[in-house]
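Should a chain be cited, it is by its letter among A, B, C, D and E, assigned in written order, with residues numbered from 1 in that chain.
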Amino acid sequence: MSIGLLGTVVFWMLAVIAVLCGAAVFRVDSMARATYALAVSFIAVGAQVLILGLSYIGVITVLMMIMEMAIMAVYMIMFMGMNPALMPMNMVHGNKAAAVTAAGVFAALATGILLAPWPDRAGVPDPDPTAALGEALIGSKMLVMIVVSAVLLATVVAALVLALPRGRYDRFGDDLRRRPPADPQPGGVGR
Amino acid sequence: MTVQLVLLVAAALFSVGLYGALSQQVVVMVMMGLELMINGVILAAVACYWFLTPTPTAQVVLLVVIAAMTVEMAMGFAVATLLHRSRNSDMTDMATDLSG
Amino acid sequence: MSGQVGPLLPEIILLVGAVATLLTGSFLPRPRQWVARIIAVAALIAAAAAAVIGLAASPVQVYDLTYTIDVPTGVARLVVMTATLLVIGLGVDELAGNSRESETYTLLLLGALGTVVLSGAADLLVLAVGFLLASIPLYALIGMIRTPAAAEAAMKTYLLGALLGILLLLGVVLLGGVGDSTRYTELTAGLPAAPTGVVAVAAVAVLGGLMFKAGAVPGHFWVPDAAQGAGGTAAAFVTTVPKVGALVAVYRLVETVPDTTHLRLLVAVIAALSMTLGNLAAFWQDDPRRMLGWSTVSQAGYLLIPVAAAGRSDLALPSLLVYLAGYAVSNVTAFAVTAALPRFRTLADYRGLAAGRPWLAGALLVSLLSLVGTPPTAVFVGKLSIFTAGWDGGLGWLVVLAVLNSVASLFYYLRWIVPSLRRGAPDSGPLAYRPCPWATTTAIVGGTAVVGVGLTAGLILALAS
Amino acid sequence: MLSVLVFLPLLAAVILAVVKMPDAAAKVGWLVLSGLELLMVALIWTRYQTPPPGEMAFAQREPWLPGVGSSYSVGLDGLSLPLIVLTVVVFAACAVYAWREQHRPRAQAALFCFLQSMCLGVFAAQDLVVFFVFFDLSIVGMYFAILGWGHGQAARSALKFFLYTFLGSLVLLLGFIGLYVAADPHTFDMAELTRQAPLRDSGWIGGLVLAAVVIGLAIKTPTVPFHTWLPPAHTDAPAIGSAVLAGVLLKLGTYGFVRIAMPMLPQAWQAWTWVIITVGIVSVLYGALVALAQSNLKRMIAYTSVNHMGYIVLAVGAAGVVTADTTTRQIAVIGAVTQMVSHGLITAALFLLAGVLHERRGSYQIADYGGLAGPAPRYAGLLAVAAFASLGIPAFSGFIAEFQVFTGSIGAAPVTALALPGILIVAALFLRALQQLLTGTTRGKSPDFLDVRTSETLAVAPLLLASLVIGLLPRFLLDVIEPASRVVVDLVSR
Amino acid sequence: MSALSPGLLLWLLVTLPAAVGAGLCLAGRRTDRVAGPVGVAVTVAVTGSAFAAALVRPAVAVPFVAGADFGLGVDALSALVVCTVSVVALLVMIFAAAERGGDVPTAPSRFFGLMLLFLSAVLITATATTLPALLFSWEVMGATSYALIGFRWRVTERVGGGLTAFLTTRAADLGLYLAAGAALAGAAVAGAAVAGAAVGGEPVGGAVGGSGLELANLPALPAPWRDVVAAGVLVAGLGKAAQLPFSFWLSRAMLGPSPVSALLHSAAMVAMGGYLLLRVAPLLAATGWAATAAAWVGAPTALVLGAVAVAQTDLKQLLAASTAAQLGFVVLAAGVSATAGGTAHLVAHAATKALLFLAAGAWLNALGTKALPALRGAARRWPLVGVCATVGLLALAGVAPFSLWATKDEILAAARERSPVLAVVTLAAAVHPRRMPARCWRWCGPDRPMTLPTGMTRRNPAPAGFRARRRRRCCRWPSVRPSSGRWPCRRCPAGWPPLWGFPVKPGRPRSS
């Protein structure tokens, strides 16, 4: 199965965009721009995924990334009190060491990638990869998804516990009977 | 177009992300670096799927990677919030009470 | 293939227990959150009972060979349950009435579940999600008390965990790519034919991720910070329980990856670095918890010895399990002592403990001597067997290094023991201050268990071999 | 029977530690326990029949760690029985001596009961893991004894002791593991390992394992150059702690030579026997010379321990010279075992007597005293007798031991005659110390020195009496030791 | 007695004094009153047993250390020595029990206890037939002599004298340890040669080891071992016998109480050195070189210490030096295989010297000094003692009718057979003693009234109480007149090499 010439060209263009935007994340002078650059990088990779026939996963990659960037923007406005568009920044430490490390890792990975005798393709992709994925998820890889559900539960609980300084007893009283909740800021969001 | 070339791109993304993760001071920026690394991993996973093992398992791998990314980022925001609230700072360098 | 519920009963009980604890806790008034605790404890006990039953059954692989329930899983389950129970016990004083009490129990149960999944994983994907499940509750537990130090520790843990987690994912991707599958059974067959370099890099990446959980070099930076900065409950949990799953997982990984990658040698080197670094760093610590944190790093080093000897010695697996059991009990007991005296944050504070609180001092003594490896405590049999396994596996140099490290470790453990045996000032020391009752009880129970495990370690060894 | 003997003190220790009771009750309890142990050990001695080679009397074996080929296995033969008796006797003397202890007597009684149990366990053990467990715990117990009841720089000395001997024990453990791994099937069982002698044809690995075992034991013994922990530990230890340390604990090391190193690693022992002999000679001479230079009585006695242990090392080294005649080597081993018993009795007495000095006047400095024979004639008499016994005057056990050590060793390896001046130097230093402490005008801290109390006399005199009995009528002891020594020499000659 | 078996008799001989002695020592002050009589009584019993044993010639052996028995036996040689020892001991005991003013009454129980222990050790030495038994008693003898010399422990100097004596003799004793080891090895080699390969199986303490350590079997040992044994025994013997170069200890040992000096240096310790060499004379002869060495140590000792003795101004020092010199003859006898002559000389010397020591002690007790110049006129003041001393001195000088004259001649004859040079040296040595009594007589003779130098008490480092006691004693002797504190010293030749340990100057009298 092939992706054709056009697919190949677009694939490589996307690859270039992904890497350049990735690099830009740490070159631009504001956090907002960095966020956009990261989003573009992700969307490019998502598109690559799409090109390689994994439409479902490509789409969720793109969607997820957009959501995440939105959250990040909210976060910055909420907590960092900065105008995301204009704030100049240069917040690096150990720049040189980090660069050397990253370059070293890249060199090592590249060498490995180029020298390794990669095996041939084993089999062909399913005609309907999404359906195959679905079957795998409720079949051989079911346990993975079960655990992922537990992971998501844990994430919800953990993230809330960490992020919220005020718990239910602060709002509703020790017997949970106070109505309306005692919030410094009215509106029912617990702030 | 070969697996090597795609993996090289992935490696590039991964390395750029690593650079960011190691060099940035602001927690959110570090997280961006981590995300870029995951981006590279996603690309690598796709490459593996396409060129090496076009099986459903490889797709599940991708799914798990994306789930991991999401979950880690959620926790990252939570931790950053906590740090911000408790220390009024979100700079990694300013949190140096614990050392030795 | 799917739907094999029976063998997974302990995991299911934990998950259900976590949900039940969370839900119940959400509707309980603050003074009655102990109900959530009861539920959590009941879930752990039920899970432990189920684990015992599972241990009696013959080994089985469920969910299309992605999860193994055999002796290591069974022992890991039991150790995790027991350690978590002890952690809850030592944390009652700290948590009772806390606004996050039921959430803490939920997270403890989920973290325990994650560790158990890690230990049973027979598939790289299960390993990866198990890693996530074991990690995420840790961040929350460490940051739970919301002090600046806790927040810092949570941040460091998170950053390191995320970084190494991504590394683990990369390894999973590559192994899955070149090995045609993510199941260990197929990887064992497929990997020898795959390009060695790729397999080696991938295995190292996975290993790196697991080292974060094990708290060994290079993923050890968070351990002392978490031990010092987090609350007593969280500190005891995060330095003890995740190691269990991580080390069993590493053991399985080492057995899966072909010899040509020399992964064993790398594990041996990591072991050497961990024990040495952990001991050196522990030498001059003045905070008992931070010292314990560094000591757990060195303990992770010892624990990696049988891993490095995996497949080379019949004793490798039994010794690993025995050591894990002994280590878990001893470490939790030592933390229980610190939790019983939360105001004592320097070693000098413990002066006069033996005179004022003899039982607590006894528990401290037993647990620390156990960590040193003194007979007849739990870790002694562990050390004996890991040394034997290491030597048998051709790692004489590592065993010698471990011996030297054991002697060195004695030095800093004694820095804690000696003041506690001295006579102290009556108005400021332990005599003037009432220790937390639950933590004290847990410490004493733990101390008894340390000796008990030491005396009955033969059973575990026999079971495992 | 044997297990009861070993674990009864442990039980007593637990009871003493846990049950709150008046101090006097604790002391009485300790005395009663010592009495029971004495009775039991007497019973064991009367019922003891020399077991055939390769077997043990009073043997008992229970499964313990089947996974690593280890079991709870105990037994007695001619090597361990005398040391078991020695242990019980020395601890009983300590119990009597401690009758007037003021400082936390209940805890002390518990700790020493614990120590007694551990020491008995080491001598009874017939499994390397069991041996190691008791060996290691004896170190821990001793550490706390020095730490809790010592004086001077007790904490530092105790730490030094602990670190040194703990290192030694772990090195020893390495050696044990080496033996285990080499054995086929893997086992820690001493009898089986002795039968197999697993590393017999393995060249340098055998040497390496032997080095681990020997260094581990040598640190405990201690021999030059591993002796530096001994003097500070003794100086700062309490009197009964020193007595137990010198009287019993040092024997754990030398006992290990004849019980483990020689029978299990015969070829390596033969190959390295000249190193052992050299270490022995150096220990004898160095210990004696350094003791001669001491001004502190306890340090001096401590260094004479290095010297006396050197005789044992010398003798067991000579026993490995397979080219020599069997008879002489047997005599050397008999002498070595006799020396263990003898040194235990005499040095324990000496340390208890040194403790009297500190208890009365807070000083061990020889120069602080003079003419003690005036105010304290009984003390002077006891000290003089103990000193003469220690320097190996006939009629006391030391002579029997040293005579056999030297006749056997010189016969097997004439070079050991180089160590003979050790006898002379030790005589010189003891007599000089006696002269300064006891004779001349009563001066320094000596005036109004309280003579030995009844409890002190009752503690010291039986030890010296035992030494005298062995010195005059050694056959009852040698008849027990001889068959076992013959076995050892046969084993090491393989 | 007749009801007793011979073995029991022998055991009685050696254990009775040991047991009673130990008992007296342990009892301490409680038995002070009865100690003297008990000591004398026990010695009487011992003397009786000794003569009985000399007649019966018993021999016993019990298993002792691994590889050797504890063997005792009385043969012709030891019969003579045992009797001499016990008789001399009896005399000394009686003297000590009768002593009033000297050292003994300060702690009689301890004194007699130690004396009895010492006696027992000497008797075992004399009767020992195996090396372990010999070494056993040999060392006990040294230890008890230490305790006896330092009997007055408050005087550091005296304890120091004991220390020197003990350490010197023990240094020589190392030879016996060496000899024992070599004998064992030699016996094993011999046994292996005889019994072939049957070494491994036989029990320790059996025939092979045991026979090797028997004194009688020593000459039969194979060559290299025999030489080592001979060397060791020779050194040990020379050390005890105060031969060159060990002789200095004997001088320091003179600080002990007089009865001790008498017993130690007449029939007991020093003599035992000579006795040992006589006993192993066959061994020495078997090696060849050892006998020659013994002879060549003995003869010069006799010569040099004879000269030293003549130069002494302290009576006890004089006697000590002459003891060493006389023992030189005995050693020489052992070296030239003149066992009979040597033994006779030993016995005769013992009798003579005991007499003289007792005389010296009597004077010392009476006058508080033993410096010859201070003894001026002593013989006239106490005629009986004077006569005894005169007889002793004449005998010592080898004057014709007395015993030493005959024995010395015999030894000389034997030496002449061996080597003319040796004979010349011996002859020269034999001349010395003839000058000595004359010298003593000149000092102690009848001419002048005796004096007690007061300077003595002034110089004495003894504590105040002690001094007071002596002053009281002085007061009981009204004839003592203070005179000038200076003694004539013109007669003493200065510059004896200190090698031999005897004072080269008259020095201050060493009494308490």
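Assume a residue touches a chain if its C-beta (ideal position, glycine included) is under 8 Å from a C-beta of that chain, and two chains touch if they have at least 3 such contacts.
All figures in this text were calculated on a predicted structure; none of them were measured in a lab.
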Set of chains adjacent to subunit C and to subunit D: none
Contact-graph separation of subunit D and subunit E, given in steps at minimum: 1
Co-neighbours of subunit D and subunit A - touch as defined: C
Centre-most chain, if every chain is reduced to its averaged C-alpha atoms: D
Longest centre-to-centre distance from subunit A, chain (CA-based): E
A-B or A-C, whichever has more C-beta pairs in contact: A-B
From subunit B, the most remote chain by mean C-alpha position: E
Geometric centre distance via CA averages, subunit E-subunit A, whole Å: 106
Separation of subunit A from subunit B, taking each centre as the mean of its C-alpha atoms, in whole Å: 7
Between subunit A and subunit C, centroid-to-centroid distance (C-alpha), Å: 30
Inter-centroid spacing, subunit C versus subunit B (mean Cα positions, whole Å): 26
Per-residue multi-chain contacts in subunit C, two or more chains: 125, 129, 132, 136, 139-140, 143, 146, 154, 178, 180
Per-residue multi-chain contacts in subunit B, two or more chains: 14, 49, 52-53, 55, 57, 60, 64, 67, 71, 75, 78-80, 82, 85, 92
Contacts with 2+ other chains: residues of subunit A: 109, 118-119, 122, 140-141, 144, 148, 151, 155, 158-159, 161-162, 165
All pairs of touching chains, each written as two labels joined by a dash: A-B, A-C, B-C, C-D, D-E
Touching residues on subunit C, where the partner in the complex is subunit D: 315, 318, 322, 369, 372-376, 380-381, 384-385, 387-388, 391-392, 399-400, 403-404, 406-407, 410-411, 414, 418, 421, 457-458, 460-462, 464-465
Partner subunit C, residues of subunit D touching it in the complex: 63-68, 70, 129, 132-134, 136-137, 140, 144, 147-148, 155, 159, 162-163, 166-167, 170-171, 173-174, 177-178, 180-181, 186
Complex contacts: residues of subunit E adjacent to subunit D: 25, 28, 62-68, 132, 135-140, 143, 146-147, 150, 153-156, 159-160, 163, 166-167, 170-171, 174, 177-178, 180-185, 188-189, 191-192, 199-200, 202-205, 208-209, 213, 228, 463
Residue ranges of subunit C in contact with subunit B within the complex: 125, 128-129, 132, 136, 139-140, 143, 146-156, 158-159, 162-163, 165-166, 169-170, 172-174, 176-178, 180-182, 224-225, 228-229, 281, 284-285, 290
Parts of subunit D lying in touch with subunit E, wherever the complex brings them together: 324-328, 330-331, 334-335, 371, 373-374, 377-378, 381, 384, 388, 392-395, 399-400, 402-404, 406-412, 414, 416-417, 420-421, 423-424, 427-428, 431-432, 435, 438-441, 474-475, 478, 482, 485-486, 490, 493
